[in-house]
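Same chain, two partners: chain A is paired with chain B first, then with chain C.
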Partner chain A sequence: MNSVVYRVLSIVPICFVVAVVVFSLMQMAPGDPAAMMSDDFASEEQIERVRRDLGLDQPVIVQFSLWLGRVLTGDFGSSLFSKIPVTTLIMQRLEPTISLAAGAMLVAIATAIPLGALAAVMSHSWVDRLVMTIAVLGFSLPSFVLGYGGVWLFSFKLDWLPVQGYASLASGFEPWLKSILLPSLTLGLISAAFLARVTRATVLEVLSEDYVRTGHAKGLAPRTVIVLHVLKNAAIPIVTVIGTSIAGLLSGVVIVESVFAIPGIGSLVIDSVLKRDYPVIQGVILFLSIGYVVVNLSIDLSYRLFDPRIEG
Partner chain B sequence: MTSFAPALLGAARSLAATIRRHPSSAIAAAIVVVLILAALLADYIAPHDPMAISGRQRLRPPSEANPMGTDNLGRDVLSRVIHGAQISLLVGISVAAVSTVVGSAIGVLAGYSRYVDLVVMRIMDGLMAIPGILLAIAFLAMFGSSVTSVIIAISVPDIPRVVRLVRSVVLSLRELLYVESARSMGAGPIRIILRHILPNAAAPILVQASFLCASAILAEASLGFLGLGTPSEIPSWGNIIAEGRSFIGSAPWLLFFPALALTVTVLAVNVLGDGLRDALDPRFRRRI
Partner chain C sequence: MEDFFIMLKAIAVSIALGAAMVMSQSTSSLAHEKTLRVSMLYDLNLIDPYAQTGYLPRYLGFMAYDTLFSIDSKGNIAPQVADSWSLSPDKLVHTIKIRTGLKFHDGSPVTAADVAASVKRALQRNRFIHFASLVTSVDIVDDQTFSFTLSREFKILDYLANIHTPTFIMPKADAELPITQSISKVNGSGPFIFRHDLWKPGSRAIFDKNTAYSPRSEAPDFMSGGKHVNVDRVEWVYIADKRTAVSALKKGEIDWIVSVQPEYIADLKKSQGVEVAVFDDSGFDAVLRMNMTQPPFDNVKIRQAVMATVDQEEYLGLAIGDPEYYKVCASYLVCRSPWAVEMPGATLRKKDLPLARKLLKEGGYKGEKIVILDAQDIPSIHQYALITAQNLRSIGMNVEIRPTDQATLLTSRARRTPPTEGGWSIFHAASAGLTVDTIVKNHYLWMNPQRAFFGWPDNPEMEKLRIDFSFATDDKVAHEINRKFHELAWTYVPHIPIGNTFEASAYRTNIKGIIKSEVPTFWNLTKD
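What follows is the complex of A and B.
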């Protein structure tokens, strides 16, 4: 139980560093934040009042603790332009981003794990070489290139799928699936490349273990050995890599949302960067980074359910 | 110096052997050499001025005069793609150099001092939690886009990866007998790091640098594609693709050729990195 507490507490310094980085970026932003947060026609006194209210006249350390206090209570500030709270903006854009990220993850797992395991079992055969060649191609291919290739083929030439845009789940399952299919395949196949390499390496390592030889020696069917002994033992390192690859997936979301004009969190951050809407940029980075840390923490903690060896 | 010569010769020999055994590495190396030459000689080999606008030549499909067609302003796509190699390689090589040098320095310190390690690794964990492209985008939003800020913006998220690698190599090397004997002969930490640890850590660092170069070329193009990278008047591959994206239905060559150049380049550098690892990393050599 102690180790669980320790693991949960270990994310505190990570989140703290993320907060310091995000806060420092905002500090380095050109311009007077108080003036930017005031109305366009605000007088000097009004700007001064905003500065006092937000604590911007205090030393940096005090400003940081005030800001951190607000963030901890879920107050990420408001957009400089629309004045809508950043948390509301993020919540509005959450559905498309989660649909895309989950769809991509599904595609990546469904292709990379069977192919990576197959490449390991048949290592040094043509199957292995083919899978690994596709994998190297996969992580050399920019996601926007694969995305536009898909749009050109499936939307312009074959006319099977909508060119761009997002249909929310509320508008029905089929339009939603059609709008999310190509973006998920694009991002998923790119993420699958790295995952397939890791799966192959992990399975290769497990294949050389004594208990695998024992399994074969006692006459178990090869398929039983692979599924029950090899994949089960390779699962933890593979799941760990799935967790850490979420950071790459989130980077990919930003680009793929732009290719397919999906109004998600990635598009939100691009729009805010182009408009220099600093509180929104800050809020989104904080939200996605902490989300990533929490997902990885949950994955780490879930091992305890699957593997009785992990305890202390 | 003399101690380096046989080691260098050995590395060159095993590299040559690897090329024989892995023709893909040789092809990749040839592509990279051609790209570097194209970038260096862009002004001489590009058939047209990459910036020359021509109202009458707008959106022409590939022809003899314009092998890759022309864009919406009538500029020659081939000339733009050749000039784009300059930015891609400049950013790729600079990012690999900056993040490797900074990351190695921090990694060595972290591997050598427990106190530095405790603080530095927490900072690196935090930096790694921020999705790389978001950190780069935020950085560019604050400092504006120029080639230098693009290089820094892509390097910063890469530094923790180098730090982790170098730290783990240093931690394993410092326990080895030859380091122990150097220490017992009275060598100071700086001498041990420079003479004994860094030369032996060079192989994995070099391999990592080649992969960082590939991912930096990809990141530069992604930032250009999002309209946040190098200033739009510079013909980088990402910028050319970004400008061509609204013509995908009517003039797909605007996207196809720069995308092909980009993919082939990243692929070549990645394959070269794989080859380099096979040649330099003894742990890997044994498995083949």
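What follows is the complex of A and C.
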């Protein structure tokens, strides 16, 4: 238990470092939000007044202290432009991003693990080569190519799915599912490609272990050997890849969100960077960083489920 | 091994069944019958219509706020919130009576005090700042009437009614906020109610029909007359990927793309159920602006040399493509303006590189570095920057392109330092035609360096002509001043016109009655 508490507490200094880095990057970035917010014809004095109103005229250390103090109380500030609290903006974007990430992960796991295991079981056969070719293709294809291709096929030719947009769960399960199916497939197949390769390599390694041979020798059904012995022992590298993929998906869905006009966290980051909306950039990046750290911590802790010998 | 295949099959069948269930119904069921979904070029990120010169806050202004006056298709001033108005014999006191029974969205009545405060706020805008000092008082006569007094006669209503700088009527408390402080809640009296609770910056802004709105009785004519709303809701959808927006329109998921990128026009023209049109005849006026406070462009000869390298057709053809959407316009004002005066000869219509080299030599160019700010996130502006760089290199200038984005460019262009110390030499821009259709409104022609737009020209003679023009009450005199100003500008070169461009708009054919205007309007149209 102590080791778990230690691992959880280790997040704190990581988050502090992230906060310092995020804040420093914003200070170094070119562009001035006060000028962005002002009329094109605003005088220097007017821009200065806007800067003062925003607190941007304070020394950097004062700005950082004030910001950190507010963050510690859960207040990430408000957008310089829309005046909407950053937490509200993040909450508005969280559902689409989680839906998309979860959908993509489901697609990835549902396709990659069986196919990767199959390729390993039938290694060096045409099935193995086919699966690995598809995996290489999936890994190499840019997401926007898959996305536009999917739109052409499923939206225009088959008229099954919408071209763009996100329908929240509150609007009903069916519209929600329709809105995330194609983006999830696009994103999921890319993650699946890598996961399938890792699964194949790991399963192949486990298949050569003595206990697998023993399982076969004592007459266990092949399914039992693969599911109970092989996959369980191959789980740790696979779970690690799944974990890093989930963390990556939370922040790496920018292109897919853009292609399908899904208002998620990724597009919030891009929009706020282009506008130099400092509180939003800082808040979202800090939020994503914490999310990344928490997912990695959860993955670390989950190893104990697969291998009780691991102490944490 | 068979068991393994059975497991795979079970997963595949489950996924296929789930997908089939979802796909069994047509996707068109997502659409709402009386909701108009419109893809805007930009995202609405500010809701104060006066907060900045970005277009969307102003479009929001026309949706949610009513205006004091408006203009009709002939450019005449027409009342909107105003019911009647009169001018004193000395032409210095304007008295305006407002319509009765008007209400803000929160239910409170629109009074003369609200309107007077709104006029004062409108006059605080920087574009009007030199006129504001001529308004000596604004007085409330009664609940429905107010007046304002001028120290000198000028056509103030032309400015208060202009489509680009209208007077949005807001509650007194909002109107009295400092102009640098944005309002945080939209409470207008216009034909649509902005749904702040449903606003998702970066995604969508929603406007519901204002059922309590009382349209004027006159027939609609451009921005004037009755604003009859025939849809229940308008959704402004922001689709960052323009190809996706085009696909959504073709599929009928959205009803209208206000501004279509040139590369998608041909595709949309061939699409069934889609119309492509230009709703804004004034278009945009593209310019090449030089920093006149720094060498070498503090030298008139060098500016003239740059002008000699310009062939507008080259810029417009590469950046826009289809000649239907651009027009060569060798004038310092947008060509649709009655005040536009085109340059004589082949200037801006044909390059004259020998002349450019000669002028460069006469100007004593010493190889100073030319820094061109290149906003790469705006395709046409990026193209203009590349062409200018190539042209200047071809006459022997030392050019550096500084890649940036529009947000950074807006900040960078305010720097007055030399190009070698973080300053700049040239940027390109495009302004909505109606904002630059007179020598008074066109900010690139402000010649007082204390108030001039970035680039800071300094020409007292031209500045005096601008001021004289703004006070000219006789059209003949005004035209004479305008002609003199243009003649001086051709030599002084405060900027270089690149030409006029026109934005294509695309919409579903079941949308009828869209008003032709620079501002997309959502009243009067119908959706079958």
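Note that the second predicted complex is superposed on the first by the 267 of 312 C-alpha atoms of A that agree within 3 Å, B and C clash if a C-alpha of one lies under 4 Å from a C-alpha of the other, contacts with A are read in each partner's own complex, and residues count from 1 in each chain.
Here is the rule we go by: a residue touches a chain if its C-beta (ideal position, glycine included) is under 8 Å from a C-beta of that chain, and two chains touch if they have at least 3 such contacts.
What you see is a predicted model, and the numbers here were worked out from it, not measured in a lab.
In the superposition on chain A, contact of A:159 is made with chain C only, not with chain B. Using the contact criterion defined above for the overlaid structures, shared-chain residue A:28 touches chain B, although it does not reach chain C.
Contacts of A:258 after superposition: both chain B and chain C are touched.
By the touch criterion defined above, A:145 lies against chain B but remains apart from chain C after alignment on the C-alpha atoms of chain A.
Of the two partners chain B and chain C, more chain A residues are in touch with C. Once the two complexes are overlaid on the shared chain, A:60 sits clear of chain B and of chain C alike. When the two complexes are overlaid on their common chain A, residue A:285 makes contact with chain B while staying clear of chain C. Look at A:94: by the touch rule set out above, it reaches neither chain B nor chain C. Within the superposed three-chain model, A:13 lies in touch with chain B and out of touch with chain C [touch as defined at top]. Of the two partner chains placed by the overlay, chain B and chain C both lie in contact with A:274. Looking at chain A, you'll find residues 30, 148, 151, 156, 258-259, 270, 274, 276 touch chain B in one structure and chain C in the other. Per the touch definition, chain A reaches chain B in the complex via residues 13-18, 20-22, 25, 28-30, 136-137, 139-145, 148-149, 151-152, 156, 247-248, 250-251, 254-255, 258-259, 269-270, 273-274, 276, 278, 281-282, 284-285, 288-290, 292-293.
Contact residues of chain A toward chain C in the complex are 30-32, 35-44, 46-47, 49-50, 53, 79, 81-84, 89, 92-93, 110, 114, 117-118, 121, 148, 151, 155-156, 158-165, 167, 174-175, 177-178, 181, 221-223, 226-227, 258-261, 263, 267-268, 270-271, 274-277.
In the complex of the two chains, the chain C residues touching chain A come out as 1-4, 7-8, 11, 15, 19, 22-23, 25-27, 30, 43, 45-47, 50-53, 125-127, 129, 180-182, 184, 199-204, 237-241, 243-245, 247-248, 250-251, 253, 377, 404-408, 410-412, 414, 443, 453. Contact residues of chain B toward chain A in the complex are 122-123, 125-135, 137-143, 214, 218, 221-222, 225-228, 241, 245, 248-249, 252, 255, 259, 262-263, 266-267, 270-271, 274.
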